[in-house]
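Please read the structure below before turning to the comments.
Per-chain residue numbering starts at 1, and chain names A, B and C are given in the order in which the chains are listed.
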Amino acid sequence: MIELKDARKTFNAGKPDEFMAIRGINLSIEANKATVLKGPSGSGKTTLLSLIGCMARPTSGRIWVLGKEITSLPERFLTEIRRKTFGFIFQQLNLIRGITTLENVMLPAYPLGGAYSSIKKRALLLLDLLDIAPKANSRVERLSGGEAQRVTIARALMNDPAVIIADEATAHLDTELTLEFLEILGKLKDDGKTLLLASHDPLVYESKVVDRVVNLRDGNIAEKGE
Amino acid sequence: MILHPSVLALIAGSLLVSFMVLYSARPALQVLRKWDIQSGSEQQLILERKTYLISTLLAFVFGFELLSFFLFIFTADQIHGFFIGAMCAAGSLYVNPFGYPALLVKMANFLLAGIWLILNHVDNRGYDYPLIKKKYLFFLLFAPLVLGETILQAGYFLRLKPNLITSCCGTLFSRETSYLLTEIIFAPRIPAMAAFYVVTILAVGSGLFTFLRGKGRYLFSGLSALAFVVSLIAILSFISLYIYELPTHHCPFCILQKEYGYIGYPLYMTLFGGTIFGLGVGVLTPFRNIKSLSRILPAIQRRLALTASILFLIFAGLVTVLILRSNLVLKGF
Amino acid sequence: MKSWIDRQRNIIDYTLSSLLRRKRKNAALYIVYTLVVFLLASVIFFTHSLKKEGALVLKEAPEMVVQRIVAGRHELIPVSYLDKIKNIPGVSAATGRLWGYYYDPISGANYTLMVSEDSPLSSGRIEIGEGVSRARLAFEGDTLEFRTYDGSIIELEVSGLISAESALVSSDLILMTEDDFRRLFGISEELATDLVLRVGNPRELSVIALKIAELLPDTRQILRDEILRTYDAVFDWRGGLLLVILSGGLLAFIIFAWDKASGLSAEERREIGILKAVGWETSDVIQAKFWEGLVVSLSAFSTGILLGYAHVFFTAAKLFEPVLKGWAVLYPHFKLTPFVDGSQLASLFFLSVVPYTVATIIPSWRAAIVDPDTVMR
């Protein structure tokens, strides 16, 4: 469902601190499976995720998402595809402080133009699905680590995306919470979603939820592993 | 010079607008020379981001031109008392050779900015920015007009010298220049009325045809331009007479005043709006075969044509109501 | 169309909550902005209102004044000149006018003395303006002493105060009878201060003025319209000058606005990054910033205008008093009539909201182009 062909990404091209994060990657991501990108920091996992997730444009090479080429799409269209296709869960939770859980979850849907009330309804539904409905009106600063984690998952699900991308999402979680997280992901996969994770946590890439592990090193795929 | 607050406001405003236009010129040039949507290089990404800025600035310029057009006329009207023989804005603008040119250039800039925004709107809907180079070329071509407007407007205001009492001798030796608005030769009434209604009906009809069938776009656009000119002449020639209920008062500016219910505003705004949308249809038609636009352009053009037609219709409707309700009865009707 | 409205509504929701979350920074901006609008509004309302008042007062003034000029200076005019003037076709009425200035050493003020044509005063009695009343603490029934041209003293009784409505022009005015005036200043019956006339058809004014210039070559003719024009010009000039002086402050305000808009705190930057990461597009963020600017602008604009209005029309521009008063001893207590119209508001808009918006467009754009993947790093 997602394909990359000789994708490259260079930062600060032409300057003394030029840095090639991705050096010609060929990759195919299967639908409805959980794929993990594994590798040390600096191997380009995050950059690769941002290329796949329509957050950044490749310096060269080609990328297709759900059959549509996104390589040269201007930001406007890229963002439209991203909104509808991808849901992101970040390493730093990236919740906006000072507003409630509910508002945080509703944010991704604002620019899509649906009526406020229907956005709210959906958000509450998701919070309920993840068992944190009682915390809907609390400030996000007051949530525990696990609760906050579930809020970000709810937010990622807001626009009903086909793919969930999680970048080192368990880095700050203890074992129990990590296992909880993986369980939720398993349920999402059962619901038909595709999962794409970046992690160097063995609990993640050795989990039975995961179908495929891709090793990255220095911007290249080291060897395709199972 | 007359240091009226409105004068200062207009000069300050147009200086700001000129600054924005000049500021946008450089990225516009960069786009013309280096734009390559296929490239993922950082340079290209930076250029893409800059286009957001230029669009925002130009949307602002458009809004400003609209407001300042009316404020300019208002101000000219307010200062008419300073000039012997000037009865209203029409007289004030006549005082020095910069007045009417400034007004005309303002009007042109308003129309051009509107068309640019339509181009921009369509360009943004195409997934590969199909019109970007043409759009910025168009911008660079009309940017000098915006600068010209600032200069003309400033020139007009700075050269205004009110007819004041001179120290010893009162009237007789104060600047005895008369700015009486001479009877400009206006188009004879009956042909003007006929032309106005005929052209309007043709334009509206053509617009509706374009809306329904998607064809005849150049025709409609041309008719819109013609309708614009004919309507302006109509205002000068007979519409104003009915509004003022005076067979000799042809001024196109007094209809903006409170005494006449500010009727000038809806009249001019519908006319200008209809013209911009109508011209927009024509400006877009050469691009109908570009791949990324081929699907969406027809729908956009139809909507533009419909809106333009409705606006022209409202304009004609207002005019007709004004004529019917007027207490003036002109010979021959 | 509906989805566009929904989208705006949602974005406004975010914008409002964002503004409230940064109360301190936005409060500072709001206060400064309001102050700027307040100052501009005060100047514009004040000068405009004074102009209108002047015009209203002048409306009753005679259409033409004829004064005698000797060696470039205004001299008393023979009343016999009226004969020649009355014969000119088109002149409907012509009379002499008596008025002058009187320096009062007790209060240190200059009064304007005038003989009023229609006021029912009897000999020995005067009407005084409220400024005179305040300066000499004189009220109805009191007596004021005046020193005549030959050093003797005459006493005049105050029959009443000139109504306060026209305080702007009548504050320092004293009305008296013709006999008292001539007695005070030693002006013979053959002379008057100047001559005023009314004409039937205003269009003939310049023709009549020309005729008078021919018949009475030692006079000058002043038209009411010219006075009005000059008056207007002076007020516009003064008002405009004040605005130009305020432009320094306006510039500072623009720089301040630019600075505030550019100086995103780390928290704000993070927030925008999050928005971009969860699916907001650059134009959505620009939209949010636009609404932010609009909310701030509109609230500051309306507050500033209301305060300016109150300042000018309820406190008679108290803050400008030191500037306007100068050495004036008889500064009038006046109440201006509100004369606010659309063009004043438009000028204010152009001088405040427009520069503010321009100053914030570029910083808003800079904030909005943050890359969505910055939050991933």
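We take it that a contact is a pair of C-beta atoms (placed from the backbone, for glycine too) under 8 Å apart; a residue touches a chain by one contact, two chains touch by 3 or more.
Source: prediction; values computed, not measured.
Centrality by Cα centroid goes to chain B. Chain centres here are means of the Cα atoms, and by that rule the chain farthest away from chain B is A. Computed centre separation for the pair chain A/chain B is 49 angstrom, with centres defined by C-alpha atoms.
Between the Cα centres of chain B and chain C there is a gap of 33 Å. Rounded to a whole number, the gap between the C-alpha centres of chain A and chain C is 64 angstrom.
Shared interface positions of chain A, i.e. residues touching 2 or more other chains, are given as 75-76.
For chain C, the set of residues that touch two or more other chains comprises 282-283.
For chain B, the set of residues that touch two or more other chains comprises 49. Considering their complex, residues 46-47, 49-50, 55-56, 75-76, 79-80, 82-83, 88, 90-92, 94-99, 103, 107-116, 119, 155, 159, 167 of chain A touch chain C.
For chain B in complex with chain C, the residues that touch the partner chain are 2-10, 12-13, 16, 19-20, 23, 49, 52-53, 56-57, 60, 64, 67-68, 70-71, 74-75, 78, 81-82, 162-165, 168-172, 174.
Across the complex, chain A is touched by residues 37-42, 45, 48-49, 124, 127-129 of chain B. By the touch criterion given at the top, residues 43-44, 47-48, 69, 72, 206, 209-210, 213, 220-223, 225-230, 232-233, 236-237, 239-241, 243-244, 247, 282-283, 286, 342-344, 346-351, 354-355, 357-358, 361-362, 364-365, 368-369 of chain C touch chain B in their complex. On the chain C side of its complex with chain A, the touching residues are 3-4, 6-7, 9-11, 13-14, 17, 21, 267, 270-271, 273-275, 277-284, 371-373, 375-377.
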